[in-house]
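Same chain, two partners: subunit A is paired with subunit B first, then with subunit C.
On to the complex of A and B.
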């Protein structure tokens, strides 16, 4: 086993593991400061913040020979008997010097900078910088330049790490950003007429270690230290990127990719990143309403409506449900189970799966899927468990036409048009139609019960992405007044005592449906691969 | 005056020395024909290796050793890059060779390609040499017509294509990996090493980068042999087994305050004083010398007392300079202000820093800011310590940068302030009598004029 020595601590590497100094130090809990190095990008070793001392240990005598000069940890491979020293006076002096150099041209406008609070330059200055400015005091400048529709550049804040430039070259392959001028006059820029315009542009803002690249969507919206982060999954498409939902006082301000080597690595697409604003749309449904045939619209309370629907469903007997691919696994399971309790032959079908265009794959392999919902696979497997096949809207329609359905529960959760008036009309033929949705739709107009549904940031539960990876998320914000999260409504239908608890439900799902067996164990924040854990033959019962 | 018989410059001064006819009449391309007929590439590498020929571009790396780093039995292509981006201030020896004896250079390129099994050579020429460009191009055309370039050279199995590329006037393109990046059509940001160019260089293929004067030496070694080459210069230090010595003739560029500036060929190891007195006709206007740049501005400064330093690969280092560099000696007479010298030097490096590594990008600009302020009469004594701190901390030697440009920027600062500190202090006290002791952060001056 190769052994590496970092600040006197021994670390064993797995055979064949290729790590650099930064990565190996991380294993011992030592954070080597850096600007230009990013695990997802090529190594340029130009910021010189990660300089450390290195040497080799003689495996026989144990004698250590150090190199006289400093080396960048990012560029130095950790091999057997490599020695790293990250805390010597020489290293600290060099860090202080780089910090001082970077601050020569920096406007130090932290009070008006979005990055303050999560800025490498700021953090490292407090940790490694010196307390007085020795360089000449320059007049304050803060030039701003538009890079494209999503990103703006505060030219003077840049530390020239070129992460953004490398991102557009290596990840998206679109190469919009580049460096102009030379020496200390260097700046990031785009060619005239060729702005930063790709479907992953927002990532350059995450990559920027300082406040140079600003996200126009988030600009001046919130100080970062007021926001709380919640582990989530992007519901924009079936890729299911791991994200952090950042909110303050029940308002989501931004989504950030959460590193997940199995799904999205460090990235997410702009569609997912900026597509959350519907959560706070004033067009969201917030009223629980009932309209019986011929009646006017009646406002109801949640406390009465769940009991009322339950009574109706049990009275009508022949019930069915259309499960939206926006539901979590737990919610889909609870609703399906409820329908089967009321009517053991009840029809459970997968709702419409929104598809836009075709899958789009970038230079590094990142794919934006055409399927614009997070949980088609999860809901499909739940439906398959109860139905042994996956019925769709058409099956529901023919069952209705055949007079086999007296009551239908439709869950929506879509944020674009998802149903035509003609289909809605045919679904409305049932005696009792319950529609749970975010926005008004042709179906809502003909519904008997209108229940306002929750958006992704308000739900907790699990999603299964295109590759059968299950990820569990926590809720980030409370739903708007008047809205109840689907899961909690279904808990009440089942009369489960206590607060809604997705984890308990997931355990039941994992015990019941073999496809989800791997979710019996606590689910890792990076998710669990259901496919790997279950033999293919056992996916249907 | 014991004049040394010039070899590299032997053709200079003949009428039409740049033409193939004149070059062949003087025995040109005979060595090439003989090598192609009689020697294997390995033998030529061994021959160059045994001469201890050191690269003339500035770093003085042994050429034969560099060639032998190429991977054995590589399926190819292997590239040869010729560095003619001669941008070190004070240096013009490549220009003389290219303008007046381009065939000597081309013969050396073909020989070097033969030794390294490269079939494609790129000559990276700095933009500011239009005459070199015209004459080299004419010479290349002549060679293609005469069968010295192209397929099956002189009837052998060996083929080489030589292409000329003109740079866009950036100093950093003279750094070998900066040159490679520039040739690939990219911004000339030097690459991190390893991998070294011999393993992965131009277009990700094994590459050798050699200087114009180096390949001219290869021509002469092939023509005259190892013994001749090793009879000139300074032998290696027997106490230091790693010292390859300083053998062979060298083109010294003498300029500045001397009576006869010019490019002179002399054996390696000639002292700075000999060069000034015997070749340059002494310091001009009957004045005394004050200092001299030993080998291009980035090598630092020799004081008048150090003029007896031998200008070989080891000499200037002993006097606290960076090295021999390009052997471009610039003489400053006693009237020159060292503050002016350093200001000029800092301006050059701040302008030419490629801007990749933080310490060099900001350090060179910061030193210029301070020198600007000192020159404007707002200097403080503390600035000298800051300048020294910058000088001591930037460069590949302390490990804070990727390439050697920062070392070149640091040495003039270190040498000028350490060797002439009194003059700096006197200047600062005289021009800023009220504020020279201040240690408060100073206000930067607005930039009044560009370079």
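On to the complex of A and C.
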């Protein structure tokens, strides 16, 4: 097995593993500073920040021969008996020099720069830079140029790492960004008339190690140190990208991709990134209301409505539910289980699955799915467990027409139009229609009970993406006043004591439904592959 | 901390002498202090009829003001550093893109809850452009809590009121401009 020496520590690599100096050092807990190198992009070794000393060790005698010059760690492959020295005085002097060079004409406008607080240049300056500034120029302002609808460039803040240029060439394949001019006049730009408008453009802002590329959606909205990050999953499509939901005082300010090699690597699409604003829409439902046929609208309290619906459902007997693919696995399971408790033959169906356009795959394989919901697979498997098939809205409609359904619970959570007035009218034929949704819809107009539902950032639970990977998320913000999260309502329907606890429910789901067996163990932040575990459990049950 | 730490110096209580045990000399000593203050000049004033003397108004920590630049615009660049430094969380800023070419960002609204403020002066220290300063105004009153939440206009008017007596801090005084 190849052995590498980093600052005197021996690291064993797996056979055939191809790592560079930065990656090997990371394994020993040593962070080599860098600007231009990114694990998802090609190596250019242009920033010179990761310069280290290298050499080789003679395997027989153990004598170490060092190279006289410093080399970039990102470009130096770690092979057997390679030696890296990352903390010598020579290396530290070189880092301080690179920092000083970069800061000569970098505007010192950190107080108004959105990147301040998460800026590599800032962090490395404090860690590796010099205490005093020797240059007598003190630039403060930066020229600004629009790159497209989503991204703006602060020209003078750029350190020319070309990460953004490589991203548009290697990941999206759209190549909008490029470098103009030469030497110290180098700048990032786009061709006139060809702005940065690909569907993953927001990623260049994450890639930018300094504050040069700004996210127009987030620009000046919040300082980064005020925000708390919550591990989440993007609910924009069935890819289910791992994200961090960044919020302050119950307002979501931005979504950032969370590195997950199994799902989205380092990226996410603009649709998901900028599509969260509906969470704070003032059109969201916040009132619990009841309208019996021929009656006026009555305002209800959450404390009474759940028991009231429960009594009605039990009195009517023949009940059914339409589970939205926006529900988490836990919520879908609890609602389906409740319906089956009330009526052992109760119909449980998968709600409409929103599909827009076709799947879109980028050069590096990243796919934006046409299915615009996070949990079709998860809800489908829950429905399949209870029904042995996956009934849809049509099955519910025909059951209603046949007079087999007296009460129906519809969970929504959609943020675009999802039901036609005609379908809504036919669903309304049941005696008692409960609709839980985010926004007004034709179905809400005809509902007996209108319950305001929660948005993705308010829920906790698990989602199963298109490739059967289950990821658990925590809630990031509290729902607006008047809204109760679906999971907590279903907990009350089951009269489970205590606060809603998604993990407890997931354990029950994993014990009951073989498909979810792999979720019995604590779920890793990167998720768990349910497909891999299915065949074993299928034979044991 | 360990009680036999070598850095701790243990001191024994001094023994009382005869004079100390009799109390009388100490009583005389105390009465002398009282008598001296009876006849020394008064330092209390009848506020608000007469105003207290403030030593150096430039370093006094009273009501805040928002400074203006040469063109009369608010100097603040909405960097939120004062709000970050504030231990009482009494500063609330909404920053937006500025309409001026020489400035990136400015505060659309800037409010300080003067009732919540503890007048520690951290905002003044944190400010990179010397936009927020504490004046020597110390008699801060209002009829309601709402009245004591100062908005941008009010803070700018404090500047107009006080700028003649208290100029903006020069570099020599620790300011950046």
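Note that the second predicted complex is superposed on the first by the 530 of 541 C-alpha atoms of A that agree within 3 Å, B and C clash if a C-alpha of one lies under 4 Å from a C-alpha of the other, contacts with A are read in each partner's own complex, and residues count from 1 in each chain.
Everything that follows uses one rule, which is that contacts are C-beta pairs under 8 Å (C-beta built on N, C-alpha and C of every residue); 3 or more make two chains touch, one makes a residue touch a chain.
Keep in mind it's a predicted model, so treat the numbers as computed, not measured.
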**Asked** Overlaying the two complexes on subunit A, which is it for subunit B and subunit C: clash or fit?
**Response** fit
**Request:** Mind working out whether A:223 is in touch with subunit B, subunit C, both or neither, as first, second, both or neither?
**Result:** second
**Prompt:** Is A:388 contacted by the first partner subunit B, the second partner subunit C, both or neither?
**Reply:** neither
**Request:** On the superposed three-chain arrangement, identify whether subunit B or subunit C touches more subunit A residues.
**Result:** B
**Asked** Does the superposition put A:112 against subunit B (first), subunit C (second), both, or neither?
**Response** second
**Asked** Which partner does A:97 reach: the first (subunit B), the second (subunit C), both, or neither?
**Response** first
**Message:** Between subunit B and subunit C, whom does A:283 touch in the aligned arrangement: first, second, both, or neither?
**Reply:** neither
**Asked** Given Cα centres, how many degrees, to the nearest 10, is the angle at subunit A formed with subunit B and subunit C?
**Response** 90
**Message:** Let me test your reading of the model: by the given contact rule, A:60 touches which partner, first (subunit B), second (subunit C), both or neither?
**Reply:** neither
**Prompt:** Closest Cα approach between subunit B and subunit C after superposing, in Å?
**Reply:** 16
**Asked** On subunit A, what residues does subunit B touch that subunit C touches as well?
**Response** none
**Complete:** Residue set of subunit B touching subunit A in the complex reads 170, 187, 189, 192, 350-359, 361-366, 369-370, 373, 386, 393, 396-402, 441-445
**subunit B-touching residues of subunit A, taken from the complex the two chains share** = 43-49, 51, 67, 69-72, 75, 93-94, 97-98, 101-102, 104-105, 132-139, 159-160, 178-179, 181-186
**Complete:** Counting only contacts in the complex, subunit C reaches subunit A at residues 77-81, 84, 95-97, 102, 104-105, 128-129
**Asked** Residues of subunit A touching subunit C in their complex?
**Response** 109, 111-112, 141-142, 144, 219-220, 223, 225-226
